[in-house]
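Okay, got some structures for you below.
Each of the next two complexes has chain A plus one other chain: chain B in the first, chain C in the second.
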Partner chain A sequence: MKKKIIKSFIVLLLIFIIGVFFIGLNNSTIYDTKSLVGQKLVNIELDHFNKKKKITEGDFNTNNFTLINFWASWCGPCRQEHPFLIKLKEENNLKLLGVNFKDQKKNALKFLNEFGNPYDVLAKDQLGKSSVNFGIYGIPESILLNKDLVVIKKFIGPISLSDYGYIKDIINK
Partner chain B sequence: MKIKTISFFIILSLNIVNAESSSVEISSILKNLRCLICQGQSVADSNSEFAQTIKLVVKDQIDKGRSEKEIYNFLIDKYGEWIVYKPPLNRVNFLLWIIPYLVLVAGGVIIFLLFKKRVNHR
Partner chain C sequence: MLSNTGNILLLTNIFLGIFIIYFSFQNLKDNKAFISKKIYQLCLLQSTIIIISFLTLIIAFVISDFSIVTVYQNSHSLKPFFYKVSGSWGNHEGSLLLWIIILTIFSFFFLLYNKDHPKNYRIYTLIIQNILILGFLSFLFFNSNPFSLILPIPKEGLGLNPILQDPALAIHPPLLYIGFVGASIYFSAAMASLLVDYSGKRFAQSIKNWVLFSWSFQTLGILAGSIWAYYELGWGGFWFWDPVENASLLPWFAMTALLHSLIVLEKRNLLYFWVIILCLLTFILSVTGTFLVRSGILNSVHTFASDPTRGVYILMFLSLMIFFSVMLLFNKFKSRNYVLNSNSKETFILINNWFMIFYLITVLLGTIYPIFTEVLTNHKVSVGPPFYNAVIIPIVGLFLFFMSTGPRVKWIKNNFYNLNLLLKILLGSILINFFITYVFDSYSLISNFIIISALFLIISSSIDLYQLFTIRKLNLSRVVSHLAFGFLILFIGLNYNFSLEKDFNLKLGEQRIFKDYSLEFKDLQLQDFKNYKAVIGEFKIKNKTNNLEDTLYPEIRIYMKPSTITYEASIKTSLLKDYYITMSNIDRSDYYNIKFQKKPFMIWIWISVIFISIGGFLSLFKNEKKNY
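Presenting the complex of A and B:
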């Protein structure tokens, strides 16, 4: 009887250990932002790129959809996604808020002169501290918001052709 | 006299512990934060852009008088629980927190039973 209990205990322990390893090793350790989808953005405060004023949620809660794009002139992949942002500028349902991230003003302006300015509103985040409020950990990153400032999707890395299609589908539904 | 001396040393040691805990607060917070773009490095260990930004943000939060827990909650809210090495107790990781204590209790029970058995044999 006692031996049976010990055997059962060992078997259960082994099943438990294998189960833990199975679940643990199947879980992706790569950070993703799925949990941010559905969250409402609050306490938005960004410095305007040119003017001495703050950009808050009040500046874009009248838009049907807003795409916040974090970019910098020194960021290679930002050049890759830029043509898609230029195309998205043509969408009436969408406003683009650009956040120039840890960049120099003259370089940022040079970038926009060279590749075009897709942004309806342009903000700057020279130390990168404001971007933490948006859960940003690298650039380029973009966040698609609805009218209620709820996150519909977060794009990590440059916006691709499929992302462009996704955004168009969402805003034209 | 003896009681006064003991009280003096107890208060002195408590003050030393308090002083140490407030001075290491920022480094202990940074050590418990994961650098999301690094391989196996904490924010304290990393010099990446992300880590540098988080260091500034944590310093700002401390200057604003936020507690360690409030700072963790703020960052968890922005980046999810993955950012902290020591996640708070919740339904998902409940077992992870409770198992060491259960093993400890089970070990104690086993030792007690073995000890009792040995005594009975004598």
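Presenting the complex of A and C:
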């Protein structure tokens, strides 16, 4: 009897594992973050860069548009996109939320001193865990949100001149 | 032309597999004690043809025959000859063909080298191995055909991903495949052993060398992959707990456990079913790893281009393998009661097995956990080094302790613990450890623990080595592997704790000064190479304590085909340390981002692993000598 239970348990366990594998195969597992487009971001929670407080939806649901930008001082391409972010700062319709990703505070501040600070709000994600919730798998990445916090577009890699133009078009429409 | 040749050869092999299975069953029916010559001939032919079909693929790569999709996608006419050849197994289709070659050759050699074992056991092994061959061959032929045509014929190929153009990576797949595809033969043998009730000592002898052989190669294969990651990925690490790396480590744990429990089966005729489970498990884990890597179900830095149909096929095959092996095992399983003395070699070997299984489960869980959370809760998580370090590192110390004492214990019942000696060794280790922390001027509790236990294993294995020359009763191969493992852990510990890492920006002509080192950016040059352009920096490192100077040349390479930028680390290896510099450009700025690392005893990590596998080979030679 005891043997039978053990045997059935092993068989069920194996079926369970293989079943999960099968389902997992059909899920699209290439991080296709495009599926994020059109979704509403909920339960946002990020650590503030300087202060001991959390940044939540409440901090930017009054903006017409929000661009969340994930960056780090150690990331080369981030320097490349930085001038565009500085330019975007001039737009009245758009607020920028920077998320400093797996970085040291000292280096991050140095970076901002050197190249300028385009961010209206700055958050940090030292362990890189909060960023996972945004579907981030590399930096730089940016997410453009509308007033209802629905994702309009996701930019993988540095913001380019054409991305800059695209953002300008959308927010000034 | 080559495409047709390749396809015909593959098709022939499918038929050969079917013939071999058919004639094997026929052969079982007759009453002769030996296996008919026809089967030997068919197996020889099967091996020859599969090798020729692989050569065909290599030729297609060498002459850049872009009418073949695989060549078009993974090669380029300007690629150096060496990488044209290695490109043939640097992709999904080609590597699968390599996989089948190993299945086939092992099948033939197992048949050839086990003539003193019963006919029905050998025939069943052959049949099961050929079912595996057929399964993978039809997958190759119908789903991942390396000889598929592309029309119109492209003029130029897409090129091999530059980070794969590396000597360590060129030899990495063949080594690794001999390891974990080689495990197929003892999967088949274990199934056959259950089918025909061929158990005990003789069964252990029939597979022992195959386990040793595949284990030694698996070890080297993992090493080559690790060396590649160190030189090519440019992060200065050598193990990242990436799913692909884990996939190669899982069967290694199972093999290592098997290697040890086989000794018990051979010497004491115990643990038969446990050995069978490990035999089955090793190859099942190999296929599971392949599934995880090839199907794209897991994301990893080096996943091959993924295709869900591939995943479905491998998974179905895997399910069938698991189904039949579990059914057969349940059917034949008899629980045997035996009492092991807690102070005996058997017990210590079992302890080794528990540790191996613990590591195996830890790594397996960490690897597949993300799939489960995603399917069941729709959350994406990633399990990284902190998990593995937290779970595995504290256990390593204990493991090393058992590894040091276990081999000295006698079979059946050990009479005494040589406590005095153990205490002396422990004291020695602690003293050396304090000396090390004094020299390196750094301290952490866990690293001391690891270093002490590694030293413990090193000292006790060294005593064994010394006794080997005086008493000559000990097992050289075991001593070598264990000693090397001790050194491996020691050097990893030292390397991990006493590495120096600096990240900063520097302009040409500038200098950066650290506590003991200064680094000067002396020169920058642009050079053209056959398949890439390179921006080469020249950096002078000065060690202030002994005034020694070294010059390093990190590169930024711009490849044309496919157009990619890679950052080549410049590494200066010496016996005591590696200097490691990577350089990346910062757009619209004269500054370059520099990562400078000093990594102590790097080369000794590689050497230790080589010696671990040398231990395996030594044992193989010793067994061969005994047999003849």
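The rule is simple: the second predicted complex is superposed on the first by the 141 of 173 C-alpha atoms of A that agree within 3 Å, B and C clash if a C-alpha of one lies under 4 Å from a C-alpha of the other, contacts with A are read in each partner's own complex, and residues count from 1 in each chain.
The working rule: a contact is a pair of C-beta atoms (placed from the backbone, for glycine too) under 8 Å apart; a residue touches a chain by one contact, two chains touch by 3 or more.
Predicted model, so just to flag it, every value in this text is computed and none were measured.
Engineer: Is A:74 touching anything from chain B or chain C once the two structures are fitted on A? First, second, both or neither.
Structural biologist: So A:74 only meets chain C here.
Engineer: Examine A:135 and indicate which partner it touches, taking first as chain B and second as chain C; both and neither are also allowed.
Structural biologist: Once the two structures are laid over each other on A, A:135 reaches both partners.
Engineer: In the overlay, work out which of chain B or chain C sits against more residues of chain A.
Structural biologist: C
Engineer: Output check: A:5 vs chain B and chain C. Expected answer is one of first, second, both, neither. What do you get?
Structural biologist: Once the two structures are laid over each other on A, A:5 reaches no partner at all.
Engineer: Quick check on the superposed pair: does A:161 touch chain B, chain C, both, or neither? Answer first, second, both or neither.
Structural biologist: neither
Engineer: Figure out whether A:102 sits in contact with chain B (first) or chain C (second), or with both, or with neither.
Structural biologist: first
Engineer: For A:14 in the superposed arrangement: first (chain B), second (chain C), both or neither?
Structural biologist: The answer is second: A:14 touches chain C but not chain B.
Engineer: Who does A:23 touch here: chain B (first), chain C (second), both, or neither?
Structural biologist: In the superposition, A:23 touches chain C alone.
Engineer: Taking the two structures together, which residues of chain A meet both chain B and chain C?
Structural biologist: 31, 132, 135, 137.
Engineer: Which residues of chain B touch chain A once you look at their complex with the stated criterion?
Structural biologist: On the chain B side, the touching residues are 36-37, 49-50, 52-54, 56-57, 60, 75, 78-80, 82.
Engineer: Once bound in the complex, which stretches of chain A touch chain C?
Structural biologist: Touching chain C from chain A are residues 3, 7, 10-11, 14, 17-18, 20-27, 29-31, 74, 76-77, 79-80, 83, 107, 132, 135, 137.
Engineer: Can you list the chain C residues touching chain A in their complex?
Structural biologist: Per the touch definition, chain C meets chain A at residues 291, 295-299, 306, 308, 311-312, 315, 318-319, 322, 326, 330, 335, 368, 371-372, 374-376, 380-382, 503, 584-589, 593.
Engineer: What part of chain A is in contact with chain B in the complex they form?
Structural biologist: The touching residues are 31, 33, 35-36, 102, 127-129, 131-135, 137-138.
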